[in-house]
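Heads up: the structure comes next, in C-alpha cells.
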Amino acid sequence: TTLEDVQAAGVLKCGVTTGLVGFAAPDANGNWEGFDVAVCRAVAAAVLGDGNAVEFVPTTGKTRFTALASGEVDLLARNTTWTFSRDVDLKFTFVGINYYDGQGFLVRKDLGVSSAKELDGATVCIQTGTTTELNLADFFRANGISYEPVPIETNAEAQQQYLSNACDVYTTDASGLAATRATFEDADAHMLLPEIISKEPLGPLVRHGDEQWSDIARWTLNALISAEELGVTSANLSEMAKGTNNPEINRLMGTEGNLGEMLGLEADWAQKAIGVAGNYGEIFEANIGESTPIGLARGLNAQWTQGGLIYSPPFR
Amino acid sequence: MTDLATDREIDRSQMQVSDKVAIQITDMNKWYGAFHVLRDINLTVYEGERIVICGPSGSGKSTLIRCINRLEEHQKGQIIVDGTELSSDLKNIDKIRSEVGMCFQHFNLFPHLTILENCTLAPIWVRKTPKKEAEEIAMHFLEKVKIPDQANKYPGQLSGGQQQRVAIARSLCMKPRIMLFDEPTSALDPEMIKEVLDTMIELAEEGMTMLCVTHEMGFARQVANRVIFMDAGQIVEQNEPEPFFNNPQSDRTKLFLSQILGH
Amino acid sequence: MTAITDPPKETFRLSMLLYDTRYRSLTIQVIALICFMLVIAWLVDNAATNLAALGKPLSFGFLGEIAGYDINQRLIEYNSQMTHGRAALVGILNTLLVALLGCITATIIGVFAGVLRLSNNWIVARIMSVYVEGFRNVPVLLWIVAIFAVVSETLPAPRAFRGDDATAHMLINDSVALTNRGFYIPKPIFESGSMIVVLTFILSIVGIVFFRKWAKARQEATGEIMPVGWISLAIFFLPTLFMFYIMGRPIVLEYPELAGFNFKGGIHMRNSLIALWLALSLYTGAFIAETVRSGIQAVSKGQTEAAGALGLRGPRIMRLVVLPQAMRVIIPPMISQYLNLTKNSSLAIAVGYMDATGTLGGITLNQTGREMECVLLLMLFYLITSLAISAVMNWYNAAVKLKER
Amino acid sequence: MSEMDMSYVRTEMLPEQEPPRSQTGAAKWLRENLFSGWINTILTILSLAFIALVLHEFLPWIFDSTWNANSLSECREIAPGACWAVIKERWPQLLYGFYPEELRWRVNLSFVLMLVAIAPVLFTGVPRKLLWFTAAFPVLGYWLLWGGSLWGPLMALAGFGVGAGVYAAIRPVNNLAALIAGPLAVVIWWLAAAGPVAGLLAGGVPLMLEPVPSSKFGGFSLSIIIGVTGIAFSLPLGILLALGRQSNLFIVKAICVGFIEFIRGVPLITLLFVASVLLNYFLPPGTSFDIILRVVIMVTLFASAYMAEVVRGGLAALPRGQYEAADALGLDYWKAQRLIIMPQALKISIPNIVSTFIGLFKDTTLVSIIGLLDPLGLSTAIRADTNWNGIVWELYGFIALMFFIFCYSMSRYSQYLERKLQTGHR
Amino acid sequence: MTDLATDREIDRSQMQVSDKVAIQITDMNKWYGAFHVLRDINLTVYEGERIVICGPSGSGKSTLIRCINRLEEHQKGQIIVDGTELSSDLKNIDKIRSEVGMCFQHFNLFPHLTILENCTLAPIWVRKTPKKEAEEIAMHFLEKVKIPDQANKYPGQLSGGQQQRVAIARSLCMKPRIMLFDEPTSALDPEMIKEVLDTMIELAEEGMTMLCVTHEMGFARQVANRVIFMDAGQIVEQNEPEPFFNNPQSDRTKLFLSQILGH
C-alpha cells in the first residue's frame, strides 16, 4: 500500500507547484515553504514522524496529474481545483479543501473599472493549465462582451506582463491575485474586482483506490483544521498532549481512544502533524495571512464558527 | 614503359613451379547489375607460379583478382583456392582470406596505427598470435622489405614506395600461400616503383605463388612464368612472357602491346 | 596436375543460417524484425493495459468535443464553442504562420549578417561576430523569454497613447502603433472596384515575368543589356498605382485607433507573436549567417579573380559567378535551419503564443486529460512538416548537384 | 626587332625601401578597415553610434547596482541599476540546485573527474590508459552524485563482464549458443542477481555515501548531468544506429532510418512531454521511475539520432579501401569496425560531436517546461519567493552569461579541433 | 625540366615583333604592408613579343603579372597598357581588362557553367555580344584548343590539361591583345603539360603578345624572344633566350639556372 511504501522509503513524495508565492517556493537554502507545502509536511509528520521527510516534486499544470497517477508523487498539494471530472474521470480522490477560492480579476485602479462586466475589449492575462480559461470564456460569453486572452505558463511571467501593462486584467484564483498584488511595489494602485466568477475549492489529492492512504491525508488535514477549532496551537501543543478535560482534544492528541491505530499510524500522529507548523490558522497566518506580505484575509477560509467555510468532521 | 627491374640478376631456376593446384577457376562469370564484367573465366594456377595479368582499363582485371579472395562475389562458376571452394559459407571465406594476401593500388594502410601495429593487427586478432610473437614476425617481414627502422612511425610519415612495401609486409605477416597484387605500383613515382618491384621480385624468388595485375612489362618479362591478357571480361591470350611479348597471337593483344610498349 | 573433383553439393544445415552469407543476413534481419516487433508489442500492450486501467482507452473522440477556451490569435474562424479539433487546427495554422514569418526574416537577417561579417569594415564585422556568437551560444528558450520581456517592458502600453499629455505616439502619420501588447498596423479594406486594382497588380507581375523573358531573348539576340531590375520595379508599382487613382482609390486602409482599453481596427500582431518571431529569427539568423559566410568563403578567391580578369564587375561577378556557386553550399544547411526553426517554434508555449503545442499539446491536453492522443497528434504534425521540408531539400540537392568526372 | 638590344643586367641589387606613408601605420589601417569608400564610412559611423547607444543604456544599469540586499525592494531603495544581490544570494542554487550544501564537494569532484574522464577522448596527448577510467566513470559519477551504495551501480556494470564471460565460455562449444547466451546472461544478471549480490557485498564492505534524491538536483549541475549523460550514452547508440543505417540489411536499415528520421522530425519538447506524461504508460503497470531518469532516457534517444548522423558523416569520410583492406586481412565485420573503422571515423567526427553536445546542452533548458528546476526553471521558482518577486533581467543575464561561457568555449574548442584535423589528418 | 615542346618545328620568322609598345612599366613599386615586393620595375613590352618570366619562388613574378591587369594595385610608378594608364579609374581598369587576357595556375573555371557557358559569359556580359555570335566565337576558340566536343560538359568532367585549355579559350574569346599566363602548367601532369604548351605555342605563332611566368625552359627556348629573370622583387637580368641560357651574366641567374636545369 502507499502507506507501506512511504514508510519503507522513509520519505513522502509530494507534488507542488514550480513556484507560487505563498503557496510553494524554495528559499535560498532550497527549503520549500508555503501553504501547500505545510500540508505536505503535516502528512509527512503524521506518517513518518518527521515534517522534513518530504521530497518535493515540482510539477506543472500539465505534469501534475500524470505524476500522481503514475506514483511519482504520493500526494499532490498544488492548489488544484476539485472538480467532478478530475475526481470521477481522472480517478483521483480529493481529501478535503484547504482553501476556498474563486477566480477573480486584478486591475489597476486608474483603469477606472469597478466591475468585471465593464471589461469589454480588455486584454486579459490568464495562467494556463488550470480551469481558468474555461471559466473566463464562459463568463465573457455569458455577459456578451469580448476580450483578448493572453495565456501565460507561469505566475511570474503573467505578473510581469500585467505590471508592464501588457494586459489590463490579470485573472486567476483570487488567492493568487491577492498574493501577487501584495508583492507589488505600489500595491495600493491595484485592486481586485468584486466579481468572483467561479468556485475554486482547492485541496490536496491522492490516487483513487487506496482508501487507507486517502484517509490519512484527509484526516491529517482535518486534524489541522480541528486543532484550530479546538484551540490547539503549536504553543500549547505539548501541554495539550499531556491530557485535557476535552475528550475530543484527547482523541485528537491520541491520549484517548485509538484513532491513530485505526489509520495504521501511531497514536500521536495528529500531534506530530500539528507540531510541524501549528494548526490550520497558524499555517494560514504564517504563509499567506494578513501579517505576511501576501496579506490574505481569512474570509471564506475562516472557521465555520467564525462565519467561514472551514469545517472539519468530528474526531470520534 | 619503365624497365627498372632489369638491372637485377634473377635466378629463375630457383623459382620452382610444383604441380599442385593453388587456384582453380572454372567457368566463372560475374555481373555488376546487368553489366557482364567477367565471362567464362577458366584459369588454373599452380603453386609457385607467378602470373602477370594485363589488359586495357576496364577489362576486369581488378575484378578477377578481387573475386579470388571474395572481395567481390561471383555469380556463376567455381573458384577453388587451395582445395576450398569459395561459396557464401563464412568459414570458407575466412579460411581463404587467411591464406591469400592482397596488396592494393592505394596501399590502404591504416593511418591511425603505426607500421608495426598495421602488421601485427591481423595476426593478433585473426590468427590469435601472442602480441610479442606477432611483433617478431612483423619485424622479420619489415626487415625483408627493408624498412625495420620505420616500425614505429605512422603511415602518413612514409613515402608512397615505403607505404606499399609496408602493405606487402602486412600481407606477408599472415603467412599467406598466395599473394594477389592489384596494380601495386601505379600510384607511385618512378623512383619508388623500383623499390616495390625489387621487393616483389624477392618474394617471387622465394617461390611465393603470385597473381599480379600490372603494366610493368619489365617486371613481367623478368619474373612471370605466365602472362595473361584480358579484354572485355575475357581471358584473350595467355603464354609465357617471351612468346607473349615477342609473338602475340591475338590482334587485340598486338594492339595493346603496341600501345603500351611503343608509348 | 591433380584432377579437381566437384565438391559435394551442399545440403541445408542449420549452422548455415549463421555462417552462410546468403542466409546470415536473412537470419539477422528476421531476428531484428522479431525483436523490434516484440518491443513494439510490449510497449503497445503496456500502454493499452495502463490506459484501460485508467479508463481512458485510446480514442480521438475528444477532438469533436467543445473546447470551451478562447484563442486570441486565429487565422480561421474560431470561438470557445467550437471543437478541440478546430482549436488544434487554429494552433497548427499559428505554428505554420510563425514558422513561415520566422524563416523569411531569419533568412534576411542571416544573409545580411553573414555578408557583413565578411565586410572589410572592421567594426561592422566585429559587431556581426558578437551578434552571431551571442545568439548561437545561449539557449533559444532564454532568448524567447528575454525578448518577450523586452517587448513588454520597453514598449509603451496603449494607455500611454491616450490623452493630451500622451507619452507615446503613433508612427508614420498615425497609422502604426507599437505597444507592449503588440503592433497595430493598418489593414487594407477592399471596396468595390478594388478587384480591378488587384487584377492590375497581378497582371503587372505576369508582365514582369514576360518582360524578363523578353529582355533575356533580346539580350541573346542583340547583346544589349537592359536595366531589368529597375524596369521590373517600375512595372511592379506604376500600373497598379495608376489604376488605384483612376478607380478613385478603392482600397482604403483601416487605421488602428485607440478605443476603450486597446487599439481597435487595423491588424494586431500580438507581442507573443512578435517576441517569438523576433527571437526565432535572430537565433536562427545567427546560424544562417554562419552558413552564408562559409558558403561565400567556399567559393575560392580565384573565381572572383578570374571573373575580374575577364572584365566583369562587382555586382555582376556576385550574381553570375559567386552566388550560383555559393548557393549550392548554402541552401542545404539553410533548409535544415528552417527545419530547426519550425521545431523550435514549439517553444511558443513559453510566451503564450497559441501554436499547436499551446492548443493541442497545451490547453486541450490539460482540459481533456488525453495525453496520449494529444502528444501523438502533435508529433505527427511536426513529423509531417519536417518530412515535407526535407523532401524539398532533397529535391533541391539533387537538382543542383555539381557535375563531376 | 633584333636591332634593339634588350639585354639588361642589374649590377647591384636595390635595397628594400620604406613603403609610402599610405601603406603603413594606423592611418592605413583606419582607412582600409573603416573608411574605405563612403558606404563604409557611413557603416562605421552607424556602428559607432549603435555601440555608444548600447553602452549608454547598459553600463549604468550594470554598474550602478547593488550587491548587498535581502530583497528586491531593498535593492531598489539603494540603487537604480541592477540588483545583483539576488545572484549573490542564489548562485549556489543556480549552480547546484537543492543539493545539500555539505555534500556539494561530491558534485564538484564528479565534475572534475568528468573532465579527467573526457580528457583522453578530446586530447590525443593524454595517456591511453585513462580510457579505462573513462569507461568506469559513469558508475563512479552516478555513485558520487546520487550516493547510496557503490555496489549497485558496480554490479550493473558487472553485468557486461558476466555477459562477456558467458559468451567467451560457450563460444568454443557453439558460436550460435554463445551469441544467444551472452546477452541473455546480462539480462538475467541484471534482473535477478545484481540486486542480491550488491546487497550481500554491501553487507560486507558498505562503501556507502549519503544518498541524495533526484529532487535535490537542479541548476547548471542538472543541465550538465543531463547533457553529459545524454551525449555519453547516445554515442554507442548513435554508432549502432549509424552502422544500421549504412547496413545493407533492408529491415535493419529501415528500422534505423525510421527511428532517426522520426526523432529528428519532432521537436525535443514533444519528446520531453513523452518523458513527463507518457513514458509511464508504456511501461508495465505499476512501474514508476525518476523523472530525471526519464528525461535522460528521452534526451539520450534524441541525441542518439543526431549522433547517428554525425557518425555517419565520419564513416562516409573514410575511403572504401580501409574496409577492403580489413576484409582482405580476414577481420570480421565487428573486428573491422572496432579496430579499423570506428577509431578513424570517430576521430573525424569529434568536432561535430562537440557541436551536437553544445546544442544538447542548450536544449536542456527545455526541461524547465516540464517542471524540472534547471537554471531557467529555478529562475521562476526564485521569482516566486516573496523577496525576489518581480526580478527578471539579473537572473536572465546571469543564466545567459553562464551558458555563453560554457558553449562559447566548447565551440572554440571544436573549431580548434576542426583546424587541427584539417592539417593533421593524413 | 621537361622538354616536351621541342618535337615541333617553330617558324620563328612568322612571329613578328613590331615596334609598337604594348605595355610600358616605369619605376613601378609595390608593397604588401611593409613588405617591398616589387622594386623599381622598368619594362617595355612591344606588340607581338613573347616574354617568359622566371625566377625563384617568392621573387614577385606573379605579383608583377597581376599588377598588369590590376588584380593587384601598385603604389608607385606607372603602368601603361596599350596607351591607357592603370590608375584607380574604373573605366581605365575595364578597358585594360578587356584587352588583357589572363590564365591562372589553377585554371579557375566556373564549375557551375558548362564549357561553352564559361567561354560565352564574358563576351555576353562585358562585350554585349549576342548569344549566338558569342557561341560561335567560343566554338571557334574551343576548336583551336582542340576540344570542341567537350563544349557541353562541365569543368569537373574534364582532365586538368583540358581544363587549362578551356581557360585559355575563355580568355581568347574576349579577343585580348595581350595574354598573361601565371604558371599555366605547374598544376598539371607531364602528359597534360604538353597539350597546354602546344596550345600556347600555336598562340605565339599567331603573333599574340604574351607574358608568361613559367619554368618550362624548353618552351622558353622555343618561343620566347625575351627571358626575364626576377629575384627579390627586381628584374635582375633579361635577354634573348639563347644568350640568357647559354651565357647568363648575373651570379644569381647562374645559380638559378644551374638549379633548375641541372635538376
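We call the chains A, B, C, D and E, going by the order they appear; numbering starts again at 1 in every chain.
FYI, a contact is a pair of C-beta atoms (placed from the backbone, for glycine too) under 8 Å apart; a residue touches a chain by one contact, two chains touch by 3 or more.
Chains and their UniProt names: B, E = ATP-binding cassette domain-containing protein; C, D = ABC transporter permease subunit.
Just so you know, these numbers come straight off a predicted model, no measurement behind them.
Shared contact partners of chain B and chain C, listed by label: D.
Listed by label, the chains touching chain A and chain C alike are D.
With chains reduced to the mean position of their C-alpha atoms, the one farthest from chain A is E.
In the Cα superposition of chain B onto chain E, the rotation angle, rounded to steps of 5, is 160 degrees. The chain with its Cα centre farthest from the Cα centre of chain D is E. Distance from per-chain Cα centroids to the pooled protein Cα centroid is smallest for D. Each chain gets one centre point, the mean of its Cα atoms, and the points for chain B and chain E are 46 Å apart.
We define each chain's centre as the mean of its Cα atoms; on that basis chain D and chain E are separated by 53 Å.
Between chain A and chain B the centroid-to-centroid distance comes to 84 Å (mean Cα coordinates, whole Å). Rounded to a whole number, the gap between the C-alpha centres of chain A and chain E is 88 angstrom.
Contact of a single residue of chain A with at least two other chains is seen at positions 62, 66, 69, 153, 157, 160. Residue positions of chain E with contacts to 2 or more other chains are absent.
Looking at chain D, one finds that residues 273, 277, 280, 369, 392 touch two or more other chains. Contacts between chains, counted with the stated touch criterion, involve the pairs A-C, A-D, B-C, B-D, C-D, C-E, D-E. Every residue of chain A that touches chain C in the complex is listed here, in rising order: 61-62, 65-66, 69, 85, 89-91, 111, 119-123, 128-130, 133-134, 136-138, 140-141, 147-153, 157, 160-161, 164-168. The touching residues of chain B, counted against chain D in their complex, run 69, 71, 94, 97-98, 100-102, 104, 106-112, 121-122, 125-126, 156, 170-171, 174. Here chain C touches chain A in the complex through residues 54-56, 68-72, 80-81, 145, 148-149, 152-153, 157-159, 180-181, 259-262, 264, 270-272, 349-352, 354, 358, 362-363, 365-367, 369, 371, going by the rule given at the top. Chain contact summary for the complex, chain D toward chain C: residues 32-34, 36, 40, 43-44, 47-48, 50-51, 175-176, 179, 248-252, 255, 261-262, 264-270, 273-274, 277-278, 280-285, 358, 362-366, 368-369, 376, 392-393, 396, 399-400, 403-404, 407-408, 411. Within the complex formed with chain D, the residues of chain A that make contact are 11, 13, 17-22, 24-30, 55-60, 62-63, 66-67, 69-72, 153-157, 159-160, 163, 180, 183-185, 292-294.
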